[in-house]
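In structure tokens below, several structures.
The following pair of complexes shares a single chain, subunit A, combined with subunit B in the former and subunit C in the latter.
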Partner chain A sequence: ASGSLSNDTIPTSKMLRLFVLLGFAVSCCLASERQFCCSAEDRHIVEKQWEVLWGDTESSKLKIGFGSLLLQRLAKEVPEVTALFKKVNIEHPESGEFAAHSLRILNALDMIINLLDDPEALDAALDHLADQHHDREGVKKAHFKTFGQILHASLPRVLDDYNAMSWRSCFKGILLKISSKLQG
Partner chain B sequence: MKIVILVLAFVAVAMATECDNLTRLKVKSQWRRAYSHGHDREDFAQAIWRAIFAQVPDARGLFKRVHGDDTSSPEFEAHALRVLAGFDIVISILDQPAALKAELDHLEHQHDNRKIPDNYFDAFKTALLHVLPAQLGRCWDRDAWSACFDLIAHGVKGH
Partner chain C sequence: SFGYLWQRQVSTIAISVTMWYVLLLVGLAAAATDPYKERGFKYIVSNQKLHINQLLEELHELEEKFEKLSPDVDPKDVRHIRARIHSLEHDECPRHQGQCGGDVPQCINDLLFCDGHKDCRNGRDEDPEVCSEAVTHVGSSYTGLATWSSCEESRPHNAVVTITASQRKDFFPARIWVRAVLSFEIDEHTHRITTIPLRGYYNFGRRALVLGPERGQKAIYGVRCHFDLGDDDHATCHIVNPASLHECGHFTATRY
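On to the complex of A and B.
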């Protein structure tokens, strides 16, 4: 009798698990338009993993290096981007202008990540960044898509702990919002 | 006796803080602690701006576009963090002259047609020098901050 009982309970618990999983999947997709599955837990993971980059007083050199690498890689994959960063002297990545700009971009990422817990202020900040990019002629949505790919490929190389699912789910919404006011 | 006075005078001169290389390093590390993360950072920004507007209420007029009348609004929260992020960049490259110059030029350019009176910068300084020790406790050096803030403000004002 005990055999039949356990035979019964296993499928039931499996079914239950499946239902719970399905339930999660559905709720995630329904909410996806607004929050892109960037759940509270995802946000905390991203914030915590990102903090590592900022712990040291001398981390500005690392940040400049990382930001500069991201932009240079973007320019390599999408050559038309080089012209867009001409004003900040991308031709001379070692220059003060490009170092400052690299840090600006990385600091904007930092600001966004630290605002993840305050959705309304985050929205206002992203909206402002969208305006700033809208004003730069030639910046395209496709550039942000590539930037996202470069970011996801590069982050695990500087962060020991990197949860790809959480980062992707949060940054999908962020990059879409920053590029939302672009034409192309 | 004269020698003692001379020595004291010499010490006093040596101690008058400038924003020199060592001072910059000190400011950098103290800032790293004060700037903090997440909600703490929002509260830090909020405290600075409330202290500014308490001193120069008219300054709110400059921030109409970002809802300066309500420092708790999401628009102003975002703005306050943008300003601190700019400040963070400058502080973190205090010891990298080329990048520092580029960033100060960038900030000067962003401010140059906003007609900001000098006393608003003073209010910012006073606010920062009050909120920082509240954040850091005893481990902070007012003179170091005062000297390095002046250097930054000078760069942003362009005069």
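On to the complex of A and C.
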């Protein structure tokens, strides 16, 4: 993508650059876990951008709203999930049970993001979450993949600053680890 | 006649007793003149000794009291404090220049330090203290607890910069070219250590050790150490990206 002089080649070269960059981001995440995928700077960016949401004292309202929105979207895209959340009363999203569960999930997300600075503690926390999901029969790896997609589609709507590359490279590993103990 | 005899006998006894007494006295006097004097002398000497002992004891007590007062300030600490004040005073020179120091500040180009020609008005640029090569002595190690602000996701750990080779060229003595190794522990449990070969130079005028990636090595990190604490044993080091000089981490290094 160097030395392109004519005007019409610039968009293609830009596209190509983006493509190469994206390919690089994906491949490096698979190749080396430590340095490049979810690097120190990525983690700082994610933490900083996430922090913006919790400026007010009424943060639990926001957490409940955002959490229940994510879960409802997931249930809409993968209908079989509805049965898994029966215990927390997903049929009535306004109910106390479901609000509490939404808060639980958002708090776990918050904990993960705040532990990004401490890889060892993060690993322990993710391992615990993996155990908890392993105990729920019917939860599948594919559900986490869809959840990741929903998360990446929704976050830019609530965050003014959203660095998609950083968030993706970090959450790919996180969701993989949480779903690592599932059968299907 | 009995009475006379008795009297004579008594007087004879008296005379003999007196005689014996006088004899005894004479003998005693002859024997005692020397020992008496010696004993008196000894008495005075031991008295003086006792007096000196008492003085010593008092002195000891005073010394103990004195030692309990705060000790003298370490000249090294004074030097460090002076250096820190100095670096806060912002009489820093423009880029590529070094401070001559002394009473009248003067900045000269850092290529003119330690080149055998006096360029400062006070000649400080050729001062043996300024031109000390101690920083680059092979085997010198600078160690400190590195804190990372980016590049490496890790809690603070020890980082070490060790000089493995150094060379000063006769035709260009203003720099010392060095090879060094940066190493730090990346995993405490498995004791995994990253070692990064570096090369660079020591700049007398700026008192800076500047290290970049070794030829043919991946350009991961560079190191910049400023020996800005007034001696050759302490430095402020930054681990940086070699291209942008973006700071990844920093540590306060001590020669080990």
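Keep in mind that, in the parts below, the second predicted complex is superposed on the first by the 149 of 184 C-alpha atoms of A that agree within 3 Å, B and C clash if a C-alpha of one lies under 4 Å from a C-alpha of the other, contacts with A are read in each partner's own complex, and residues count from 1 in each chain.
Criterion: a residue touches a chain if its C-beta (ideal position, glycine included) is under 8 Å from a C-beta of that chain, and two chains touch if they have at least 3 such contacts.
The structure presented is a predicted model; accordingly, all values stated were derived computationally and were not measured.
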Partner contacting more residues of subunit A (subunit B vs subunit C): B
Subunit B versus subunit C as contact partner of A:Gly96, first or second or both or neither: first
Touched partner set for A:Ile64, first subunit B, second subunit C, both or neither: first
First (subunit B), second (subunit C), both or neither touched by A:Asp118: both
A:Gln132 touches, of subunit B and subunit C: first, second, both or neither? neither
First, second, both or neither for A:Gln149, with subunit B first and subunit C second: neither
Touched partner set for A:Glu41, first subunit B, second subunit C, both or neither: second
Overlap of the subunit B and subunit C footprints on subunit A, listed as residue numbers: 116-118
Residues of subunit A touching subunit B in the complex: 47, 51, 54, 57, 59-61, 63-64, 95-97, 99-101, 103-104, 107-108, 110-111, 114-118, 120-125, 128
Subunit A-facing residues of subunit C, complex: 148, 150-155
Subunit A contact footprint on subunit B (complex, rising order): 25, 28-29, 32, 37-39, 41-42, 74-75, 77-79, 81-82, 85-86, 88-89, 92-93, 96-103, 106
Touch list for subunit A against partner subunit C, complex: 39-41, 43-44, 116-119
